[in-house]
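Common to both upcoming complexes is chain A, partnered first by chain B, then by chain C.
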Partner chain A sequence: MISNAPLVEFLTALADDELLIGHRDAEWTGYAPILEEDIAFSNIAQDEIGHGLVWYSLLEPMTGKTPDQMGFERPSADFRCCRFVTYPRGDFAYTVMRQYLYDEAEQVRLESLVACPSTPVRDAAAKILQEEAYHLLHSKGLVLRLGSATEESHGRMAKALADAFPQALGMFEPLNSEGQLIEAGIFPGNASLRVRWMDRILPVLRQATIPVESLGSHDATMKPDLGGRRGDHLPHLAQALSDLQSVYQSEKGASW
Partner chain B sequence: MIASRNAERVWELLRTIPDPEIPVVSLVDLRIVTGVEVTGDGVHVTLRPTFSGCPALHHMREEVERVLRADGFDPVRVTVDHTKSWSTDELDEPTKDRMRSIGLAPPPRRTKDLEADLAVPVQCPQCGSMSTRLDSAFGSTLCRQLYLCTACRQSFDRFKPL
Partner chain C sequence: MTDTQWETWEVFHQTKRGDPHEHVGAVHAPDAEMALQMARDQFARRLKCASLWVVRSRDITMTDYQDATFFARTTDKSYRDPKAFDAPEKLHP
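Coming up: the complex of A and B.
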């Protein structure tokens, strides 16, 4: 039986990733290039924040903290999300590319959890996977279309990949308790998830005619953007949290 | 004996609570209630969300508490199991008919292939035509998606298959 601390670290990283990508996606509400995308990203944002809630609710019996306390009361240094999800939304090409790279990573991560010995973790993963199918269908479809639509869209998607890829590798930054989690069979480990992820994204990016040569092979030489999993964040996180937490912090304990 | 009568009563009351976004169906129709446990005068109800991020869950929870208290149950405890899966395949035909009656196309049966499921033709709940197309897999709420009927030129929502 695994002690709680590694599982708390693991679930906090999952939950924080979801909350932050959801927050960044929500920044398109009212601003997306077309109405359908405005609706899509607003929905996806709501889903991702909902998935954060699922993981935070699993943490509650272990930490004694409610989902609201986890989301709204912690300072940025206590967050364990990867840096990737904290970057500002950028242009629409970057948003689409980030969402696609994230969605594929989430798929491999959740699929690996379906075999987890913890029943609530397994159940939560299965529930979230059902909903995530919509996200992947959407982001993959946009990558394929925008990658080869026009010279401008191709160029912008290629640049988005070049910008996002080293950041995306940060999704697979090892956790402190990585070894214990693998040993307990909670998940197969980030190195293994990263290999599976690469196997999924490369064929899609190639089909989208987006250049992938510079990404290297499975052992990409590119410097991954690490730090988030140990609380070493860029100023983007504090900025995002000041927005995200401002209403709650202005009247702690208010009921709605 | 008394406990079982009271559980029946709880289910009866829960059947009167409408979904806030689809008021023609109840929380029981939507298979959101997963457990009712009556102990003495008290009751413990367990709910599960449809879509994880459904913002209506708060309201549903409050309604369950309010309605059961008003009927004399005390204490009333409502818990939400966020990890429990939910699927549109659990909805029965009368529930789907009631969705149609307010112009909401019901969800189709799911397969493992979401893309294929979304390609299955959908009947317009307004004019009955099959000449419709999916405008967006997303919609005005997490559980709806946007269609256009090319026959009557009206847009309509369909309950998002999950």
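Coming up: the complex of A and C.
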């Protein structure tokens, strides 16, 4: 039987990824380039934060911390999200590219959890997968269209991929307890998820006519943006958290 | 100023199978597939929904509000109204 610590680490990383990407998506509310995308990103933001809540709730019996405490009371160094999801929202091309790369990774990660020996984890993954399928449809649809729509959109999407790719590799940064998690059958490990992810994104990016040659094969030579999984974050996370936590921190324990 | 938005698509929403699709509004989208996704976000997120239709707004042929005579009933047509029996309010079960 696996001790709780590796599972806590694993679920915290999962939940923190969802909370932060949701927060960054929510930053488009009122600002997206088109009304429908404003609503779509706000909707996706709520879904992602909702998924974070699912994982934080599963953690509560193991850590004794409520989802609110996990989201609003921890300092940035305690977060285990990858750096990728903490970057500022950038332009809309970057947002779309990040969301697409994230959605594909999320899909691969959740699919791998459907065989997890922990029933609550398995059930949560199956439930979340249903909503993620829609996110993927949306972000993939935009990548395919913007990749080849106009010279400007093509150029912006190509730049977005070049910027986002090394960051995105950070989604697959190994966890401390990677070995124990694989041994316990919780998930197949980040190296294997990364291979599956590459197999999915490359054909889509090619179809979108976005250049992928510089990404290398399965072993990209570029330096992945790592650190998030061990709490070594960029200042972006603290900045995001100061926004995200400000209301809660201004009146701790208030009931809403 | 030129309109830089995508073209509009009219959205028809069906609450449950067998019900008529009812017009609920319009969305901007670059093509039909995206229009359905946008329509889902605008109109099916809170409303119960069994099916959505989207139709390019410009594919709809409409009457002209100025052309009131198109609908004119200038002579007595009361003989056409169902008076001798009760018309059921709901024709669809």
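Here is the rule we use: the second predicted complex is superposed on the first by the 256 of 256 C-alpha atoms of A that agree within 3 Å, B and C clash if a C-alpha of one lies under 4 Å from a C-alpha of the other, contacts with A are read in each partner's own complex, and residues count from 1 in each chain.
The rule is simple: a residue touches a chain if its C-beta (ideal position, glycine included) is under 8 Å from a C-beta of that chain, and two chains touch if they have at least 3 such contacts.
None of these values were measured; they are calculated from a predicted model.
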Clash or fit, chain B versus chain C on superposed chain A: clash
In the superposed arrangement, which partner chain does A:Glu36 touch: chain B (first), chain C (second), both, or neither? both
Looking only at contacts as defined up top, I'd like to know whether chain B or chain C touches more of chain A. B
Looking at the overlay, what does A:Ala126 touch: chain B (first), chain C (second), both, or neither? first
According to the stated criteria, A:Arg145 is in contact with first (chain B), second (chain C), both, or neither; which is it? second
Report for A:Leu137: first if it touches chain B alone, second if chain C alone, otherwise both or neither. both
Quick one: is A:Arg83 in contact with chain B, with chain C, with both, or with neither? Answer first, second, both or neither. neither
Which chain A residues come up in both lists, the one for chain B and the one for chain C? 36, 39-40, 43, 134, 137-138
Parts of chain B lying in touch with chain A, wherever the complex brings them together: 49, 51-55, 58, 80, 82-87, 114-115, 118, 135-140, 142, 146, 160, 162
Chain A residues touching chain C in their complex are 34-36, 39-40, 43, 134, 137-138, 141, 145, 149
Quick one: which bits of chain C touch chain A in the complex? Just the residue numbers, please. 5-6, 27-31, 33-34, 37-38, 40-42, 45
Over in the complex, which chain A residues touch chain B? Could you list them? 36, 39-40, 42-44, 46-51, 53-54, 57-58, 120, 123-124, 126-128, 130-131, 133-134, 137-138, 256
